[in-house]
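Chain naming follows the written order as A, B and C, and within any one chain the residues start at number 1.
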């Protein structure tokens, strides 16, 4: 039993790592642009498929970076042509816009790459199981966790030490003041959006290597990632990080005792957090 | 004379029909369109999007192939055959909505569908209420032709009892009696689990089963549990994309070195989509493209290859048989009425160019289930020169023997 | 009741608009075949129209966006279906059960979330919707799970002196739905014209000012959310009767999004807007999905085009023009 729990704990951390990547991107966009990006899961799939296209030409390692970058560029283009036009309007419009974009992107992916799933080939040395006892600890899964840690540390370093990162953080706290200081808020938001999409693309490549590609691959990650943000506290990226890990682990551990409830437990945690501590783990008071 | 009396394909009716068309265009839904130069319409509902789309696309291709073939040879009794395809999006509610639309608005004569057992079950009941002949090409859950069988519903694919019955003995012989099953949490998975349970426990075996959502993609937690159970064989009851994902993760965890892999359906589409290491185990196959010496099979395979650049699968055959069955039934009944067609299809035998099997293939009268030969055998990576050669049948099973009518639970009642 | 609740020009048009709307609805079964429809399509539009109008009670007249309202619609569907399946074959009791299940769930959820605003409110409603979705999906024994709840049919209406056949008669069922629709919409209109409704409008226009005036904002939003959930679960109950079937997709996110787009498509500031939006959306979606496998792309396109080019909705644009 203990072994089973340990297995699932680790498994939960891996699932949580995906939630973290997806919800951090969502959270960045939400914080600065006040937009819930329903299409986030579809950008994730796009990242995976772009890697699929690139790998034969440039190999796996470069694709791991280039595919998410290209996804970010696509996100950037969509932001400047469509999403940026509805800033300042009632939130209903951004919800509907990204909801519609999600449909369009999903169908476009299906149209281009087909309904059948596609495999995403990872290097052989990554796909081998490491040990027969700890079979779930194969190289790829360890690698995946490593990449997520690097990405998250990179993101926080970027936000803390780079000029743009500082502007983004300032913008989250008080957009008007940032604008008054002569910073081009519009551009800031576009780049921030592209950043969030980059993270989604990265998650897509990693997920593709694990379970393969299909047009709906991001769907099951999207809504739990909302919960990660709510539980972690709106406005706090560290909170989102904790939220993502919490629900990943909780879902995996529930799967040991009561498999049927492992999907629901995520939302039950959210309901409890809302009752006991409405602003979430690390949410700012008033940011709700 | 007989013609005119029973269905109305006589010349006079044709003329009347032509006159009626003008009127029907003005007030279509209020007037039942008279028979005449109106096309024969089949409404086909299948999950063209969602996790079972691989199978659905093949079924629709097979059906379209048959429609083209029939229309090229002059249609059905001189009338054009039309296929109206609707996407159920792998969702029961959508499927129910679509069949109502096909019947109420498009006035189709026959309905077909769905790959998803839950949808097939629900829409066939709508067709029953509306008195329309309904053919289920590829939804396997047993009650459709079992406890909930209905006079207007015919099924081409096997029931889960038939498939499980064909392959259980083989799985026990090759691997052993301790099984871990992963099944989709809906009508199909529920029936399939029960069927395997029936045969396995009768043989003195033990098992554990876990239900997963129909479109699940991450099986890591379940596989961890499966490994802890130390089974002889892992039974992959999932379908479509989910089955592919499960097979992939099974291999990733190196579990293929510790236990066997088994299934009822491990279809051509899915086998070709998994890595070579997962192209293994034992399964039943409901139709197979490589049947040397059986007439028309090669022609069908080449035809599908030319039309769709794909090898013909059991799903192509389901769609093909479905459309041809409508033609055969209409020609036999000389009518388009649901009741007449259903009577005509009872016991109807498929001609060799449609059956595409060595032995007799017919719709069993008592439960309206098509009685084919079931192939059971080994899944393996393709041979060098033949990329689609991924399955070898060990045994051929007579469907009627695996599941005698008395065991279906069906009590067929026709309306008075 | 025409929805032009605060502007005087609206009242001028009120009676003609009402007469027109009810005329169209009453005669629907007679004209709908001429535009390629059929009676049960009309019924469907009516049901989804009521759902969208209920949601718009919140979006258009309180200024709060719920993106998870399919939850209460779906609970209405299941409440009605479960009663008919397991307890009694009475159509009105089924509707009441659906209304109670959805409405009470809405009351409970509403109490938890009234402090949130804007996009965050929407996000929390989505998350709560998922809870109900998974319960319906996983509780096989009760709900039939993914396959849906079958084995119930609407029962004929027993009025004591006569029985109305709504099982097989599509027309009779249409008028039964229209009757329920009329009651629900009538009450909705009365509420909006009441002092309570005016207060909701005040909150929508300027929450801060309303708060300074001593209005308990949270309590009003909670009440509005609750009422809206009760209304939409009536629509859910009717939906169960229409299909004789309940399944988890009736409480899924996609439906929530579709209900919101219906509201916006018709015009959220206009009382009847969502009904028109529902009609247009249902017909368009129906048409697209039978003509291409890639229907999802085009449905998504509807969302994008409406947001980018017709944010006021059709009636919103019309009204603006007539006022100009």
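In this text, contacts are C-beta pairs under 8 Å (C-beta built on N, C-alpha and C of every residue); 3 or more make two chains touch, one makes a residue touch a chain.
Everything numeric in this text was worked out from a predicted model, so none of it was measured.
**Q** Comparing centres built from CA atoms, which chain ends up most distant from subunit A?
**A** Chain centre farthest from subunit A's centre: B.
**Q** Select, from all pairs of chains, the pair with the highest number of C-beta pairs in contact.
**A** A-C
**Q** Suppose each chain is reduced to the average of its Cα coordinates; what separation in Å results between subunit A and subunit B?
**A** Taking the average C-alpha coordinate of subunit A and of subunit B, the gap between them is 39 Å.
**Q** Subunit B to subunit C: how many Å between their CA centres?
**A** Averaging C-alpha atoms per chain gives centres 37 Å apart.
**Q** Calculate how many whole Å lie between the centre of subunit A and the centre of subunit C, each centre taken as the average of the chain's C-alpha atoms.
**A** Using C-alpha averages as centres, the distance is 32 Å.
**Q** Subunit C: which residues touch two or more other chains?
**A** 138, 295-296
**Q** On subunit B, where are the residues touching two or more other chains?
**A** 48-49, 213
**Q** Please output the residue numbers of subunit A that touch at least 2 other chains, ranges allowed.
**A** Where subunit A meets two or more other chains at a single residue, that happens at 110, 260, 263.
**Q** Tell me, which parts of subunit A touch subunit B in their complex?
**A** 3-4, 7-8, 11, 14-15, 110, 115-117, 119, 127, 129, 132, 135-136, 138, 140, 210-212, 214, 216-217, 220, 252, 255-256, 259-260, 262-263
**Q** Quick check: in the complex, which residue numbers of subunit B touch subunit A?
**A** 48-51, 53-54, 57, 210-211, 213, 215, 217-218, 220-225, 227-228, 241, 244-245, 248-249, 252-255, 269, 273, 275
**Q** With touch defined as at the start, can you tell me which subunit C residues reach subunit B in the complex?
**A** 33-34, 36-41, 44, 137-138, 140, 145-148, 150, 243, 245, 247, 249-250, 286, 289-290, 293, 295-296
**Q** Under the touch definition given earlier, write down the residues of subunit B that touch subunit C in their complex.
**A** 27-30, 48-49, 84, 86-87, 91-94, 96-98, 100-101, 104-105, 117-118, 121-122, 125, 185-187, 190, 213-214
**Q** Within the complex, which stretch of subunit C touches subunit A?
**A** 59, 65, 67, 112-113, 115-120, 122-124, 126-128, 130-131, 134-135, 138, 253, 257, 260-261, 264, 268, 294-297, 299-304, 306-308, 311
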